[in-house]
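Common to both upcoming complexes is chain A, partnered first by chain B, then by chain C.
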Partner chain A sequence: MSIFNLHLPILDEIKEHGLKTTVRDRSVDVVTRLTSGLSPSDIRSILRDDPPGRPNPRLKPHSEGFWLHMKPTYYHQLMDGVYPTFRLGWLSTFFFVFEIITGVLLMVYYTPSPAFAYENMLTILGNVPFGRLLRDMHRLGAELMVAVVMLHALRTFLTGSYKKPRQFTWATGMILLLVTWLLSFSGYLLPWDQLSLWAVTIGVSMVEAIPPEIVGQTVNLLARGAPEFGANGLLRWYLLHVVAMPLVGIIFFGVHYYKVIHHGHSLPPEDEEVGEDTAKRVPTDTRVYFFPTIATRELFYTVALTAMMVVGSLFIHAPLEPHADPLITPLHSTAPWYFLWLQGMLKLGDKVIWGLIVPGVLISGLLVLPYIEVGPSRRYGDRRIGLTAGAVTTLLFAILSYMGSPWYAVQTSAEQEAVAELVPETHPGPLRLSDWNELQVGTYDASAYEAAPTEALHDLLEEFDHELARIPRDERTDHEGIMVIENWQTGLKKITLRVLWTTVADGNPGEYSQTLYLHEDSNYGQGE
Partner chain B sequence: MRWHIALGTVAVVVIVVVLAYVAITETARMESFTNAYDSRRIEVGAALYENNCRTCHGPQGEGIPGVAPSINAPDLFNGERLMAVGFSGTLYDYIEGVVAYGRPVPSAGTSYPQRMPTWGQEFGGPLRQDQVDAIVSFILNWEDQALAAAGEGTVTLGEGEAVGVDVGVSLPEGDPRAGASLSQSAQAGCSACHELAAVGPAWAAEASQPGIGERAGQRVAQSDYSGEAETAGQYLLESIVNPYAYVVEGFDASLMPRDYGERLTAQEAADLIAYMLSLR
Partner chain C sequence: MTDAVAEAPAESAAPERLPLTRREFLNYLWAMSMAVFMAGGGGLTVWFLYPRFREGEFGGVFTVPLGELPPADAPPKEFPEGRFWISNIGAGVEQDPRQPEDYPLQQGLRAIYKVCTHLGCLYKWIEANDRFECPCHGSKFLQTGTRIDGPARRNLDVFPIEVIDAGGNVLARTEPSLNSQEGTAVPLPDGAIAIRVDTGRRVTGASNSAPGGGF
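Moving on to the complex of A and B:
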């Protein structure tokens, strides 16, 4: 049949078999093409866990399709449980993809310029539907990805899976760990708030120490774009975050995964003969096929994790501190948690030794670990020294991380710390979260908290008093805390916290005070 | 495998439900966030104002005669001032422009000797755009106060005979309440400078230091006291009308205006002194 001399075979088919049959056949055809060989009935049988037909149609997507060409068609059943992988590699991949998707959506609303970046955050939070959810999910995903990648490395070490023949897989994995750190770290700067600026400033400050001086200065200048972070620095870290690091990550992910599949997933150490690698030999009766078992499970993990991320982001919000200010260093600024160990090391002494040489040796050591540590056995019992060294290193990292936190060896005045408990500079804190109406105008003595006219004031003054009581009295004594609340403007109160003391040595009085303005509608505690 | 599929389906339902919940509540949430952030901008503005603007425009924007005009004033908010300078944009734009650019020439009809400096970073000043915005938000928040105050009477100076500079002059009975009010008024202008303490006026008691009433008595009795006063009240009068008869150590002998003897009436001086003597 032809219309205007145009021949459409589908019309012949409809004429011959009827419309319903033709549409059904064509739909089956489309699905089969899109899945590289799985018809709707194949998919249905996969979901029902029916036995496969012969020849097995479920192998076709592996041999003909792009997405599964690297995925194995079957796994060893020993790899089917949570142990030994804990699914950490898969989780890393999930978060990487999750971050790319949420990240691309966030890019739509972002301009990498100090003049606009912070304003963009306010827009995302206040004028973009689902904006806060996206930002929260991106942030939560980033933190989890760092944690998962680090645990993945630790697991690989513990099960000895880095050993021959998988040395190169381990090395690429270490590079991926660095990429993950840098990805997360470079993202810190983008909101251009105080947290951003100071976390990255602290992080970058150590490159300045690279000897000789000219090299340190040049690298520092390249990393900051100018002597101090500004428009150029932000643009550089933005490009690092959205182009360079994802690209490096994708390339090394490809190599890493190719190597994983090439060598096969390493079996639990106790199930292999010492010195042997039997991952590639999977007897027929121990096979678990990708379709249906692994595929449905990975699909399940994907939706379940997405649901967890969506629900989690309702409760865990990405912080947003005040606008970045190069002139004001907030009390208790730190590097991100995964770099606290580095900050801890810097407190030990020389910048060059502890900020560059030691971490450099450590990371290069980890990179080449499988080429140095060549003991043939992966059994836990045979690796007592290695595992002990690993445990000690992990413990050291934990201790160094604690040392990197502001609670260790940071010299600030105890009086300032006491006030900061009420009015912290890195999160809202109790005073900003108090009921505005209960902050009655007046002058209050911290020690007389029992007499406070409202409950909120009572709690604040009590905490103030307790913080002051904790100050050691060896240099200064007779501490007195005063809180003054004044009406400042319509809906605005001025609150001054003062600490008075007497110096023990010469008997002179001293004072520290901090002022805070609080608006009735500022509504802190929305998670930011 | 079945429970994977069942739980997976549940997870999909959870995602849809949560997204629907977010979609429904999102408009209200965005509004609440915007409102909260506008309020926080006022807080930031208040601190910036304190550090940068207060020395000339007064702690409450009341202005200081001979230094800078009032910005907590009804004519700024009721449109009169914009009309006077012929500005056709919004009040926000007007204030933002004045803060960011500064005032290279005085407005018509005014004769302030100092020029408003440039504050915006892009024009060579010290403040970023977000800081300028915060100051504007803070100033605009005076609207209610300024318009409400427009109807009320204000304290005036100089009606009646001036008190002069003689510390021995006999003063009428003073009213401490009137003195307190006068001390805080823009016309008297005391609080523009004497409020450098962390809390409230510098003449109030602070830490180990007693109020000015007590202090005045101690000063007169000091051996290095070089003025003519014999009582605490006279000392206070002298400090106002003839401030350089004796300057407390550590203070600059050029800051206090010399013209209060001509500007204050005897009653106003008596009120101020009565108020200050009550501070111990």
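Moving on to the complex of A and C:
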């Protein structure tokens, strides 16, 4: 009768127990297999926070499944609060995953070519639903990830958690810090705007200083893809950003987290005897199990943080400067904030010493810190020298970062600085952000700002007048700031900022002026 | 007798250890060949990644007729397509008191590479201060190319200049100066009609790191 012999055991089961019972049993089976050992009734008991049975079925996903195989089945209750971890390691992981998801989505609308990249940015900003939100979230997440990873390292130092047996965990963490910096920095070039080009040019020029010269030049050429940044360079940095660095990051994250779990989370220093490490000997009554406590909490953090990122990105926008121009370096170009300390050091002197040897020694010193600093006690009171050194380093980091910012030691001539305050070359600035309609046609004297017809003009002229006070009086006199606003085309105004003075030495008049055109729909504030 | 019997198996259980067994030696050899292979592969990867560009693609030789050159002591003139500034050092610039003594001047033309010797930004000519200033880290250079301030640690680089006459003969060219090995300024002899700037060959500026300029 049968053409081929097909035996389906489920048919036997249905015959024996009836359809309803069979479907129920099979569903339970499928759920248990997908969760690596949690049946629906186990899941319900987790959600109800019932006491687990014996043996505890909630440990099965850890021992049998892939996703939780590294995750511990329970934490020490001392590690359940905000102190001592401040959840910074978890946050770093969250942002890494967050960046991968937003990044992959942004890749859909991006072409790594100087001919298209900037245009792609405009498309993402103006013509892709939620495009700007995704770009803002990716950028904000990147900045926060760098901050969180750095704070994570600082916290590990403060609680002495880098000490034996966790030296290698610290070393891989330092590599992850470098990966995070490079991940964030390599993303800088992709929009192909002025910030991209010059921040990365400065960064790569530091590498060019590697002695001997042949090595520096080779690394420089490999990084730029040509003597100057162009199509090859952009493609290389794109691949570094989307393939190479994430791959290295994932590998070292695996090693780092494996080590964290292998040694156990280090307890607050004051809760252990000096020289002891009890992280792996957690008494039964102090255990907090992953299911349900930690799992639900981490789920909640994920949801809350994602919501915060969405809301934050509504207010904090990723900047986009004018299209990259290899012929003009904007005044006050800087590297990203987490490299300002390096820029600050570079102002101190020779780039081989301050751009390479000192940072190299610092970073390798941090990498091997736990193998050098082998004091047994993690207690704050026993580590006065170490903690002082940490505080001094953090302070130096802040001071060097300030020194790296444009406010320190980079001054061009005063009239150009004054005009650049109103019309900066690295961000929109007050004039471009002013209400277009309030910029009434006319000629205005900066010193007569009280008489300005509109509030926006009043503020701009007042700032202009204030900035002109920078001009040194012993060199120049009779300085005058003038702003001329003309209707240039329909919906387009021409604004000229002019500074006039007389040189004291020879009595000759001097002049500096800058012109910009503002369209009614320029939208420098991105709709704000 | 019994003693001898008891000792014999003890000796054979601990045979003399060879310093290197044949298998160990072959395994080291194998590992070394792997290491050589990996090193070779690494080298090939660098070679693969090394950008290919023609020699002289960066700029090439630019010919500038005499009429386009800035007059002596005038502000330097930018030639963006060749990535250089031409500075014409006259009697006025030669006597500039800001010029550090370590870098003596002669009158003539210099073709100065437009990239700051610090970290690769493009400096600008700031007329009011009569000097080049870098917008990134604030290095300052005189129009002669000599650094006077800022984090840069050497004078600006120059490209060699050749002055040619109507017949295409070279009348004068940039030479290394005797004290600093920097490219010298080239005077314009009679009969010159143009200069040629070779941007394929860059002459590195002399080391200069003292405050205010100098060795």
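Here, the second predicted complex is superposed on the first by the 496 of 528 C-alpha atoms of A that agree within 3 Å, B and C clash if a C-alpha of one lies under 4 Å from a C-alpha of the other, contacts with A are read in each partner's own complex, and residues count from 1 in each chain.
Note that in this section a residue touches a chain if its C-beta (ideal position, glycine included) is under 8 Å from a C-beta of that chain, and two chains touch if they have at least 3 such contacts.
On a predicted model such as this, the values are computed, not experimentally measured, just so you know.
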Does the chain A-based superposition show chain B and chain C clashing or fitting?
fit
First (chain B), second (chain C), both or neither: which does A:Thr334 touch?
second
Name the contact category of A:Gly81: first (chain B only), second (chain C only), both, or neither.
neither
Partner chain(s) touched by A:Gly360 [first = chain B, second = chain C, both, neither]
neither
Quick one: classify A:Gly18 as touching chain B (first), chain C (second), both or neither.
neither
Touching partner for A:Ser413 - first (chain B), second (chain C), both, neither
second
What's your read, chain B or chain C touching more residues of chain A?
B
Look at A:Trp198 in the shared chain and tell me whether it touches chain B only, chain C only, both, or neither; answer first, second, both or neither.
second
After overlaying the two complexes, what is the shortest C-alpha distance between chain B and chain C, in Å?
8
So the chain A residues that chain B and chain C both touch are none
Contacting residues of chain A [partner chain B, same complex]
47, 49, 115, 118-119, 122, 125-133, 292-293, 296-297, 299-300, 303-304, 306-307, 310-311, 314, 322-323, 443, 482, 484, 486, 488-492, 494, 496, 498, 500, 509, 511, 513, 515-524, 526
Taking the touch rule as given, give the residues of chain A at its contact with chain C in the complex, in rising order.
198, 201-202, 204-206, 208, 218, 221-222, 224-228, 232, 327-334, 343, 346-351, 409-413, 415-416, 425, 510, 512
Using the touch rule from the top, collect the residues of chain C that touch chain A in their complex.
46, 49-51, 53, 57-58, 80, 118-124, 126-129, 133-138, 151, 153, 209
In the complex, the residues of chain B that touch chain A are 1-2, 4-5, 7-8, 11-12, 14-15, 18-19, 22-23, 26-27, 29-40, 42-44, 46-47, 50, 128-131, 138, 141-145, 198-200, 207-208
